[in-house]
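Heads up, the next two complexes both have subunit A, just with different partners, subunit B and then subunit C.
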Partner chain A sequence: MRSLSLILASFALAHGHLSASTLEAEKFLKKAVTEVAQIADHSQNSSALAASVRPVLMNVISFELMTRRAVGPGWREFTEAQKKEATDLFATLIIRTYSSKFTPGEFPEITYKPAIVPAPGRVEIPTRILYRGSQYEVIYRQEDSVAWRITDVVIEGVSLIATYRTQFDSQFKQGGAPAVISALKKSVATPQ
Partner chain B sequence: MNKALATLFAGFMSVAIFPCHSASGSAAPSSDVVIITKEGVKSVNLEGGRLPKNSTDTYFLKTAVEVKKRPLSKPKAAPKPVTKSRAVAQGDTSAKPPSPPSTPVPPSRKVSGIVKKEVQKRKAETAKSSAPVTASEKRASEVSSSKTTPNITITKKAPGTTEANEEFDEYSEVASIPDAIEPVNRCFFWVNDQLYCFVFRPVSKAYRVLPKQARTAVSNVYENVEFPVRFVNDLLQLKFKNADLEFRKFLVNSVAGVGGIVRVSDRIPALANIPAADTGQTLAKWGVGHGCYIVLPVLGPSSARDTVGRAGDYALNPLTWISFGGVSAGASVAMTAPNAVNTMDARIDTYDTVTKNAIDPYQAVRSGYSQYRKKAASE
Partner chain C sequence: MKNTKLELSVGLFVVLGIAAIIYLTIQVGTGSMLSGDTYLIESRFANAGGLHSGSTVLLAGVTVGRVEGIRMESSDYSAIVTLRVLSTLRLPTDSMASIKTTGLIGDKFVSLSPGADDTYLEPGSRITLTESAVDLESLIGKMAFGSVEKEKAQQDPK
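On to the complex of A and B.
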């Protein structure tokens, strides 16, 4: 009886901890998305928007994790300098991709759905976004490493990281880390 | 010239319709080179007669590691050492373990021993690693060379994961559709890209001159007209609840929404977000595989299955019935053109989002399409 109550108590504690953690992740996401949407609403044009949201996104997205996952197992072949360069370049691409979805002067209507906890320290928050007359199902994947950070965005079933992974895989097979960095530089340098 | 084009098109269509088996291009013939994995010995496909670049696996010649056709068995127990008591009983006071057999071990046994050792090592490494490791992250340890092990590739990598907190590589198995006709697809992708740039984009820009409410009304009307496509496919997929909801949505929008101009159903929570069904999704539910990835001229990414699905959607669309029902060509174009322009407008946004910041736009679109259709099939 005593062991049963101990088990129940530890379960409740763990569940409570997870719930508190999930609430924290949800709160973090809502704050981040609202902040970015407000910046987008007041922006003059797309370039200004990308520049304005960059500082915010640097704090809410874990670009190092995103880059590591997008590159895949080949990441361990990168030197520290290459890792840093790849992360910086990939961050620029992600910020551009994400900010290009917003039109200056238009505020999306976001409905948050119950969070899903696929594993400890990970949360997926599904949302429905009504923007410019169209509805989109967007899932924000977050992880709690040092603090909660967004590690992937899945729009209508299409994962940002998975899409880049297929592209980086072929680049890596052709020429390893230098080929990946070269491809990133080329993509960043392409005029918008 | 016409004959050559017809032959090319026939070849393209035959490959597109029938299931394709390889991911890209023709498969290289199996070689005499093998690698040893946890599951056993696996043949390596050499590309252009060369070992894969940047690979960290250890390779062996097939002939060197040929094992008799039996499952890899547990290693034989070492002969029991002679204990003191046994030695005394046997009248041998030295208590030394019996010396190994003097007869030389046949080469095939020696080699199968190497294979077993390798497999056991891999199993032990997998068991030791902190997190589950996918096939893409496994690395072979260096195998000590022996007279029977040829020197093909020597790479030493630490087994298992290298990052302290590396988790299971969830992106190692991304949804993908085999792309057996990639060169042809890339050609049509380029053609579509030019069409988007020089035809669709200017038309879309002109279309956006219309007020937003007008464009929304056009979109709503055509979405309402396409009700039979969603309704029939819901029934075919045995999603009777969704079929019922689609029917109610159609009624509400047609009556209260004046022929669908106003999407009144958006204000009713039960009718607001019904997952759309299409014929390609129905075929997926019935177990039909994608077949090959195909880039259709003008229409964009598709697969063999989804191309057939598009034909089904076209057949179920009431506008098609009207077009074939004796209406003049001009009237038919007048009815379908606004929908085409409206669809094009929505597609350009999606196309730009996917390709603008891509490393390889073709691969980005293919990956995005594969993932999108996988999600649709799972709904």
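On to the complex of A and C.
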């Protein structure tokens, strides 16, 4: 009987901790999305938006983890300098690509669905975004490393990391880390 | 006496043949015809539509396993797909599993892409970075509804 109550108490504690962390992750995401949407609302054009939204996104998205996962197994062969360069370029590419999708003055309507905890320290928050008459199913994957950070975005079932991993993997197999960095540089240099 | 011996041999041969056919049918049906030792890992998908027990698991286009089973996680209504993969395959913990289709309307399969972590997935562990099957019909539907909204916006500019 005592062991049963212990088991129940530990389950309640674990469940409580889970709910608290999930709520924290949800709160973090809502704050970040609102902040970005407000900046987007006040920006004149996409290049101005990319510049003004960068400091916010650097704090809410773990670009280092994203770049590492997007590159895949080849990441282990990157030097520290190459890792830093690739992360900076990848962050610029992502921010620029997604900034260009926003139209100043258009505010997205976001509906948050109940969060899912696929593993300890990981939370997935499914959302439905209504933007300029179109609906999109977007899942934000977050991880609690030092604080909650977005580590992947899944739009209509397509993962950002998986998409880039396919591309970077073939680049890496052709010419190693320099090929990945040069492909990133090329993408960043190409006007939108 | 001689005839009885011959009949017995033929009977035994036929029984063995039938047993072999049954064994092969079961093995091919469950997709467990993998050479060498294997282990099980799980992956969680929001939608495992089109996937079935015995579906192929590919990595870099090479068959490295089969789908062992699919069940539903009642807590969050997600699909848990159990994969049987070759024990020679060591997958980093941040590996991804995606449900893909052979061609446009072909069979569904699980595609694995290894990650960059230094730690590896243990037997029985779960891949959480997944991409579910893309629902082409709903995407086409959204495109159709999207175009209606766009036309409406064009007709009624602010």
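Quick note on the criterion: the second predicted complex is superposed on the first by the 192 of 192 C-alpha atoms of A that agree within 3 Å, B and C clash if a C-alpha of one lies under 4 Å from a C-alpha of the other, contacts with A are read in each partner's own complex, and residues count from 1 in each chain.
In this text, a contact is a pair of C-beta atoms (placed from the backbone, for glycine too) under 8 Å apart; a residue touches a chain by one contact, two chains touch by 3 or more.
Bear in mind that the values here come from a model prediction, so they are computed numbers and not experimental data.
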Does the subunit A-based superposition show subunit B and subunit C clashing or fitting? clash
Partner touching more residues of subunit A, subunit B vs subunit C, is chain B
Does subunit B (first) or subunit C (second) touch A:Y140, or do both, or does neither? neither
Check whether A:G72 is in contact with subunit B, with subunit C, with both or with neither, and answer first, second, both or neither. both
Which partner does A:F28 reach: the first (subunit B), the second (subunit C), both, or neither? neither
Contacts for A:S159 in the overlay, against subunit B (first) and subunit C (second): which applies, first, second, both or neither? both
In the superposed arrangement, which partner chain does A:I116 touch: subunit B (first), subunit C (second), both, or neither? second
Once chain A of both complexes is superposed, is A:Q171 in touch with subunit B (first), subunit C (second), both, or neither? first
Footprint intersection on subunit A (subunit B / subunit C) at 68-69, 72-74, 76, 119, 133-135, 156-159, 161-162, 165-166
Applying the document's contact rule, which stretches of subunit C touch subunit A when the two form their complex? 44, 46-47, 76, 78, 92, 94, 96, 98, 113-116, 118, 126, 128-129, 131-135, 139, 142, 145-146, 149-150, 152-153
Once bound in the complex, which stretches of subunit A touch subunit B? 68-70, 72-74, 76-77, 93, 96-97, 100-101, 119, 128, 133-135, 145, 156-159, 161-168, 170-174, 176, 183-184, 186-187, 192
Can you list the residues on subunit A that touch subunit C in the complex? 68-69, 71-76, 116, 118-119, 122, 126, 132-135, 139, 141, 152, 154, 156-159, 161-162, 165-166, 169
In the complex, the residues of subunit B that touch subunit A are 52-54, 136-137, 162-163, 165, 167, 169, 171-172, 174-176, 212, 215-216, 219, 273, 346, 352-354, 356-360, 363-364, 366-368, 371-372, 374-376
